[in-house]
Amino acid sequence: MTQRLALVVMVGLLVNTAAILVLGSEQPPAQEEFIPIDQLPPEDQLPAAPLLITAYAIVWIVVFVYLWSIWRRLLVVEREVSELSRRADGDEESRS
Amino acid sequence: MRNFFRVAWLVMRKDLKVESRSWEMVSTTLFFSVSCVLVFSFAFVREGRPIEGAAAGILWIAVAFSGTLALGPTFERERYHDALRGLLLAPVERSAIFAGKLLGIVLLMTLVEFVVVLLVALLFQAPFIANVLWIGALLILGNFGFAAVGTLFAAMLVRTRSRAVLLPILLYPIVLPALIAGVMGTLAVIQTEPNFDLARFWMSLLLFFDVIFATLALWTFEPVMTE
Amino acid sequence: MNQRIFAGFLIVGVVMFAIAPVYIARAPYESTMGLIQKIFYFHVPAWFVMFSAVFISGIFSAVYLFKQKPVADRIAFAAAEIAVLFGVIGLITGPLWARKSWGVWWQWDARLTMALILEMIFCAYLLLRRYGGPGSDKLAAGLALFGLANVPFVYISVNVWRTIHPATSVVPQLAASAPGMFGPFVWCTISFFVLFFVMLMTRIRLEEQRAEVERLHLIVEKG
């Protein structure tokens, strides 16, 4: 079955590549609205610093919030594990 | 190989037979897509003139929404009387069952789209009929890709909690590239100066997605349905 | 994993991360974009980590689907969560950069659209794991495979389509074209990957402990 699928995939990809190369050489038009930053009038130019600082701040915050979140979840679960293993051992002792 | 197609055909025939007893899926899906298109026509047609290029997007949105609606009952029906278990216990390749279900969905979507294409062409004054072969080809390819992923996820979700809401959540991000290709291809065909080379490009991209989706879906159907 | 080695990696990662801005500040300015280009040093490594996480999630999902090893599922889940995280970082730093250099927050070009779709696929993965109930692990594994198939598209999209986003040739040629930028870039990339490793290991441990809780629950209930 896998071999059949592999064959289908190969044929499909070959057909597609051929189709794209031979028939569909037209591409969507390139972006036209891009104006280099130094050609914009001064009123349109944004200060870069706030954006840059926000970007870095977001990265730091996201990374550390996530690390903190895993750590907290891990503490909760590990507490549960130790409690449950205590109970499990207690049951075992009472049975034996 | 012949057995594969025979089984797929049998599964599809079974679904068609069940459907022909009540016509539930065809009528509900049709009605829903018509309502969809009507809502969009209120939103996007100003003073009798539709917004430029809106028809392409609306056609494919109607396809996506009605397709999602149709996918639910496909496997939902099999939950009654352990029909799904019976199907999976049959000594046939699982992927053939998948292919049969897939063909049933593609057929249903195509049927509904006959009406939707006409309606959108009418309400949005789009030259679908003039380019019926292009639109038809794009729709069939789009249906196939959408249905391939959709059938897989509908099957996967059949025993899952919150399956009704999870199906679109899982389905849309994956088929979005195919839908985009469909919309862009349709736009290239219906715009004031049609660009058929561009349409061909988008169509070959759509075919490319179809091959990848179908391959992945066939490959993962087996291990996922082993429950 | 040895606690001390792990703590070592964590400290290294955090320290590298903390020092990074110094190197970045000293790096030369890019000629057309100026100061805002410095987002590059976090934006690109974040996406590198995201793609790696998607790759790991996809590969281990395939292992889980076809070999049924529970440890593979734990790794896939952990990697998926981290992929979403770094995707968020990439999707926020990108528009902040774009607002200044392209003038718009967002563009529906091939690279951005495909990257957003990739992020959405893994958000859907997390939703499925959270709300899908029993059996959602296999389903999510299937989903992750589709996500994996997406990654090559995202990467090559800037080369195939003429988009406004810089092409993939920028980074490989960085050492030759702008050596002053290459050093800080490598530094940031390494620190991101160290942090990725730390997060991944911790998250996998969380999954292992959850599995342990379930196992113990069964024992306690039976007794």
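As written, the chains take the letters A, B and C, and residue 1 is the first residue of each chain.
As a working rule, a residue touches a chain if its C-beta (ideal position, glycine included) is under 8 Å from a C-beta of that chain, and two chains touch if they have at least 3 such contacts.
All of these numbers come straight from a predicted model, not from anything done at the bench.
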Name the chain whose C-alpha centroid is farthest from the C-alpha centroid of subunit B.
C
Which two chains are joined by the greatest number of C-beta pairs in contact?
A-C
Just by CA atoms, which chain is the most central one?
A
At what distance in angstrom does the C-alpha mean of subunit B lie from that of subunit A?
28
CA centre of subunit B versus CA centre of subunit C: separation in Å?
32
What whole-Å value do you get for the distance between subunit A and subunit C if each is reduced to the mean of its CA atoms?
4
Give me the residues of subunit A that touch two or more other chains.
27-28
Touching at least 2 other chains, the residues of subunit B are none
Out of subunit C, which residues touch more than one other chain, so two or more?
none
Touching subunit A in the complex: which residues of subunit C?
17, 21, 32-36, 38-39, 42-43, 46, 85, 88-89, 92-93, 96-97, 99-103, 107, 109, 161-164, 195, 198-199, 202-203, 205-206, 209-210, 212-213, 216-217, 219-220, 223
Subunit B touches which residues of subunit C in the complex?
65-66, 113-114, 117, 120-121, 123-124, 127-128, 131-133, 135-136, 138-139, 141-143, 145-146, 149-150, 153
Residue numbers of subunit A touching subunit C in their complex, please.
27-31, 34-38, 40, 44, 46, 48-49, 51-52, 54-56, 58-60, 62-63, 66-67, 70-71, 73-74, 77-78, 80-81, 84-85, 87-88, 91-92, 95
Help me check something: in the complex, which residues belonging to subunit B touch subunit C?
149, 152-153, 156-157, 159-162, 166, 169-170, 172-174, 176-177, 180, 212-213, 216, 220, 223-224, 227
